[in-house]
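Each in structure tokens, the structures are laid out below.
Next come two complexes, and both contain chain A; in the first it sits with chain B, in the second with chain C.
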Partner chain A sequence: MKEKAKRNLKKLTFPTVTFLLALFISGIVLAVMGYSPLKAYRLIFLGTFKTTSTMGNALANSIPLMLAGLAVSLAGKAGILNLGVEGQLYIGGMLGTVCALFLPVQNRILMLFLVLAVSMLGGMLWGGIVGVLKAKFKTNEVVVALMLNYVAILFTSYLAAGPLKDPDAAVNQTAKIPENARFVRLIPRTQITAAIFIAVIVSVLIWFVFQYTVVGYKLRSVGSNAKASLANGIQCGRYLILSMCLSGAVAGLIGSTEIMGKYYRFTEGFSNDIGFTGVAIAALAGYNPFAVVLVSILFGILNAGSLTLGREMGVSSKMFMVMQGIIVLFVATPYLLELFVAWRRKKERGKS
Partner chain B sequence: MQACFDFIFLAVNLAVPLVLAAEAAMIAERSGVICLGVEGIMIFGAFFAVTGSYYTGNPWLGVLLAVAGGALAGWIYGIFAVTLKGQQVVVGVAVNFFAAGITPMVTQQIWGSEGASATVNSIGTMDLSKIFGGSTGISWFVFLTILIVAGMWYFMYKTKYGLRLRMTGDFPLGLQTCGINTNRYKLWAMTASGILAAAGGAYLSVGYGNLFVTDMVAGRGYMGVAANIFGGWTPLGGAFAALFFAVVQTLRYTLTDLELPSQLMQMLPYLVTLIALVLFGRNSKSPEGLGKL
Partner chain C sequence: MKAALQLSHITKRFGNVTANDDINLSIEKGEVHCILGENGCGKTTLMNVISGLYRPETGEVFVNGEKAQIDSPRDAMKYKIGMVHQHFMLFNQNTVLENIIVGEERCGAVLKTEEQRKELQQMIDKYQFHVNLDDKIRDLSVGTKQRVEILKVLYRGADIIIFDEPTAVLTPQEAEHLMEIILELKESGKTILFISHKLNETLKIGDAITVLRKGRIVYESKKQNTTAEKLAFEMVGKETKFGGFTRNEYCPGDPVLKVTEVGLKAEKKPVSFQVRAGEILGVAGVDGNGQQELEQLIVGILKQKEGRIEFLGRDISQSSIIERKMAGMAYIPSDRLEYGVMEGESLLFNYLLGNHARKGFNMHGLIQHKNLKLYAEKSVSEYDVRTVEIQEKIGNLSGGNQQKMVLSRELSQKPKLIIAGQPTRGLDIGAIEFVHTMLLKERDKGNAVVLISAELNEITELSDRILVLYDGEIMAEDAADTFTRESLGLLMAGKRKEGEEQ
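Entry: the complex of A and B
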């Protein structure tokens, strides 16, 4: 038992050190630009815990990030980097909105269920394309996913600007979805909705599937060693496609939950790079679904905090993106940390 | 006839950044490094070029600054991807994140607005209206790009170092047994890739346009990567593939008579890239040791 705890602690060390290192370097970036990094970090972390509403909004910010992180880690476990979450969530959001706008369903539960299901289906199809092309044509999944992102964003914005445009609005957006397709806000004055339960349920489901089912085992096996899996009779292509479909379905949920919980309509460009933040979250969490939940709360705080920074200190909200870049960079190079540890050991040995 | 000339000139002008991006991806990937950071380095290039042009008033000095910055960025990218043995795909993504985040921040610092810089002196185009009529000229960058492509071909296939670079990507062990440091070749290739990508970005900001806009690269780096695959990881193949993508982009500006919604027209190049990747990506052979260290 003690051994296991020790091992778990070790697992935590790498992401923690990576995160602190990223904060440190982002601090240098801030300092070079003439802002005080200490003041900035105090604003971000203390500002979040000031009132219920700031705390609630940080948590509300983390809901879509959670789903995005889960979507990326789902594909990541099977060995695919899903950079297409952004496109998948737009497709899911648009289909969900269309469903909510035009389906003559009165029953609230049925309506919510339908909208969520349809958006998952949309994301699933869009993600499935990446999987099929990778499995059947061996095309590079990153380039395909990014091209599909552009196609999805432009196509949905065409729909929001053309056939589905709300004639009274100046911005490209659809009409508001009916009352019975909206989530209720759980805490007044915040944007926390039932979506948070959906995100947590999804994370538990993913954990369960990967831990206790044959499908999950095979997916993991394809991700860790495709050749060995093939030799053992696992049809890799099929599982690649499956993992991208599942990942896309989770990504599709982001679109509909954001619209049902926050905006009540599809607005052009509503996502603000949620899908890409998911990559940073999944990378830092090491594709572990529970770690994704925790890391995305942290990122939700950073995200909300970066908006506060903009208001109070005039720091661009792009700071958040810079931080993500640094985090992803360090997660991708674990060797750097090993080098550092080796160097420290050598130094200590030199002393004694 | 006039329309035909205009079309060709526009296509050639639009091809420049794509060709440079394809060459950048080509040289890095032939050395065995998966290079998805082309997009990010193009953003850096576009930014540095405008900064240089803004402070010196001379757009060519801007290009010089972009190239220097691109070389540095490519080298650092290489350090992480090669020397520090990072996961190359993820490192590339990180470079793109970082570039997309930091450049608007600095833009805001210098020019007060996050979205766009002030307008600066542009290199401009060679005026051909006396010969061909119309208003379209050809950018001076076009000639530079043709020279670069020819130079790349010569380097890759006619020099000792090109041979070694190709070997680094295909069978590094073979070179290592000859006592050659393959990682050094990879680092040089990444630096060169940074220079080429940054030049492509510089073209977007001071070569063809005259300011830096946040999303101005708009996936051209990734299109360059796709063109490189489509062109079979060769200098000439990649250049022609990029030219093909440019022709598709040109259609967007010339087919305005059809009155299709602008979003759908903007979608076209990305769709064509996708289709080209699917149809031809399978037949082209990647370097044997791509992504391995």
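Entry: the complex of A and C
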């Protein structure tokens, strides 16, 4: 057991160091821009815990991030980088909205269930395209997914600007979805809804699938070594497609839960790169579904905090993007950290 | 005279494996110095130390008598040491000229290559390289690509040139040409380090020969003071005279595997043979003569286009890999790291691979962790896999322990047929003996074994019958004792006995 504790501690070191380094460097950026980094960080972290409503909004911010991180992690475990979460969530969101707007269903439970299911199906199809193309024609999943993002974003924008546009609105958006397709707010004056349970359930499900089921085992095997999987009777192509479908389904959920819980309608460009933040989260969490939940909350705090920063200190809310970018940079290039460690060693050696 | 290159007490470890153990070596200026040794003896590691790719734990390198600090290939170049790698490092889309001058361009605002082209052309003529500077790399033969690599090293002013198994990828004619080039280089005063596991070529061009075994220098000699027998003996060591194995009398049972008219290579004669219960069929042959195709066809990784494969009396030509496994086929892949294990995963995870469909481990799609752990731990200790715990990453184990792990996974499920591809490649003596003992044990239990190996010793020691593959076809098949080492060697080289019809 002691060994296990040691291993877990080791696993924690990398993300923690990465995160602190990112804070440190963002601090330098803040200082260069003439703001006090200490004051800024105090504002972000303390500001979040001031009232229920600030805490609630930070948490509400983190719900779509959780789902995005989970979607990326799911595919990542099977060895695929799903950069198409963004597109998948737009498709899912649009299909969910259409379903809510036009299905004459009175029953609330049935309605909620239908909207969620249809959005999952949409994301699944959109992600599945990437998987099928990769499995059958060995196309590069990153390129295909990124291109499909454009198709999805622009096509849904067209729908929101044309056939489905709310004639009374100035921006491109659909009409509001009916009352019975909306999530109830769990805490008044916050945007926390049942979506948070969905995110947690998805994370537990993913953990369970990869820990206890043979399907999960096969998915991970394919990601770990496709050739060895093949030699041992695992049909790689099939599991590759499955992983993209599942990942896409989770991504589709982002679209519908955001609309059902926050906006009540499909608005052009509502996601604001949630899908890509998901990549940073998944990477920092090392594809561990529980770590994704924690990291997402952290990101939610930063995100909400950066808005506070804008209000109180006049710092651009893009500061959040800067931090996120730095984190991605470090996670994507562990080599940078290695280089740093090697440099330290050399320096020490030089001294002795 | 000072040595061109001197190594003193070089030790390099990877985890708990010592790849180079206290190496002391002195290479005279202007000689061709051969480093001879079997696969996995530490030759390439040593060369990577010299060329700056690896940093040794202890030891020093001296170039022309001066201590050299080589931390990268760039540093090595500063000391005029260049390496011709086994795997080429060339840009396929570019021309020979562009590949050679990359990083060394002389230019102002525009690239001026005329001067460099002239210098290179002189070099090509001098050493008779037969290379056209304007050819694209992708259009060249393997031999020509290698000459481009040599040119690259020469052009950067190398005085000491390291060749890492240069003939491994060449045809006999290309190898011949390479030998001439190397002698030419020596004539012009270059110092050559030539790494190989082939006796004949080292005896042909080497001035001095050093034999490495298990990371240590075991023998050093000038060419004129040694013989092929002596070198062979030192290279494999007396321990590899296997044998001393006890085995049951040979009394084969029913056919277990029957291969009928299955083609290994395009436009070659298809092969037919069978393996019976209680026998080891040795498949001898030099690498790349259809062995990999054979093992992958039997196991089902490659889809069979023609012929018929029967396993325990049932046609399995169309069966999936997992069906074959479940029917009792065990597979020890020749490429362990690619097809055998998942380096980044734990022993436990690896143990489940291929066993994931078995009842004891898979109930209604759920992994039976308790059962799995119990079995995995039992067979890991039964097969003597040295590991701290079952959750250890398999990539942290030595090759021998990884292979034992593969054996434990494959053999603990009571197979009827074992396909063993190069099962001892890269292993140390202890592990080799263990693998051999286990294979014999399976045979004595009445199971069928197909042993595919390029090691003659292994084939002759273990097999009941031997089949020789050459260029995708069967050269000969007979009882093991009808072959001699010499006759096998000739057959593996594609030569039939005289008087025999083709």
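As a working rule, the second predicted complex is superposed on the first by the 334 of 352 C-alpha atoms of A that agree within 3 Å, B and C clash if a C-alpha of one lies under 4 Å from a C-alpha of the other, contacts with A are read in each partner's own complex, and residues count from 1 in each chain.
By our rule, a contact is a pair of C-beta atoms (placed from the backbone, for glycine too) under 8 Å apart; a residue touches a chain by one contact, two chains touch by 3 or more.
Since the model is a prediction, treat every value here as computed from it, not as a measurement.
For the composite obtained by overlaying on chain A, chain B and chain C cannot both be accommodated without a clash. Applying the stated contact rule after C-alpha superposition, one finds that A:Ser221 touches chain C and leaves chain B untouched. In the superposed model, A:Ala40 lies in contact with neither chain B nor chain C.
Of the two partner chains placed around the shared chain by superposition, chain C is the only one that A:Ser229 touches, whereas chain B remains out of contact. In the superposition on chain A, A:Thr213 makes contact with chain C only, not with chain B. By the touch criterion defined above, A:Thr139 reaches chain B but does not reach chain C.
Of the two partner chains placed around the shared chain by superposition, chain B is the only one that A:Phe276 touches, whereas chain C remains out of contact. Of the two partner chains placed by superposition, only chain B is touched by A:Leu154; chain C is not. In the superposition on chain A, contact of A:Leu240 is made with neither chain B nor chain C. Only one of the stretches 25-33, 43-51 or 97-105 belonging to chain C has C-alpha atoms clashing with chain B in the superposition, and it is 97-105.
In the superposition on chain A, none of the residues of chain A is touched both by chain B in one structure and by chain C in the other. For chain A in complex with chain C, the touching residues are 3-4, 7, 212-215, 217-218, 220-221, 224-225, 227-234.
Across the complex, chain B is touched by residues 29, 33-34, 81, 83, 133, 137-140, 142-144, 146-148, 150-151, 154-155, 157-158, 161-162, 276, 279-280, 283, 315-316, 318-326, 328-329, 331-333, 335-336, 339 of chain A. Every residue of chain B that touches chain A in the complex is listed here, in rising order: 36, 80, 84-87, 89-91, 93-102, 104-106, 108-109, 114, 219, 222, 225-226, 229, 261, 263-264, 266-267, 270-271, 273-274, 277-278, 281-282. Those residues of chain C whose C-beta lies close enough to touch chain A in the complex are 299, 301, 320-325, 331, 333, 338-345, 349, 352-354, 356-357, 362, 365-367, 369, 388-389, 391.
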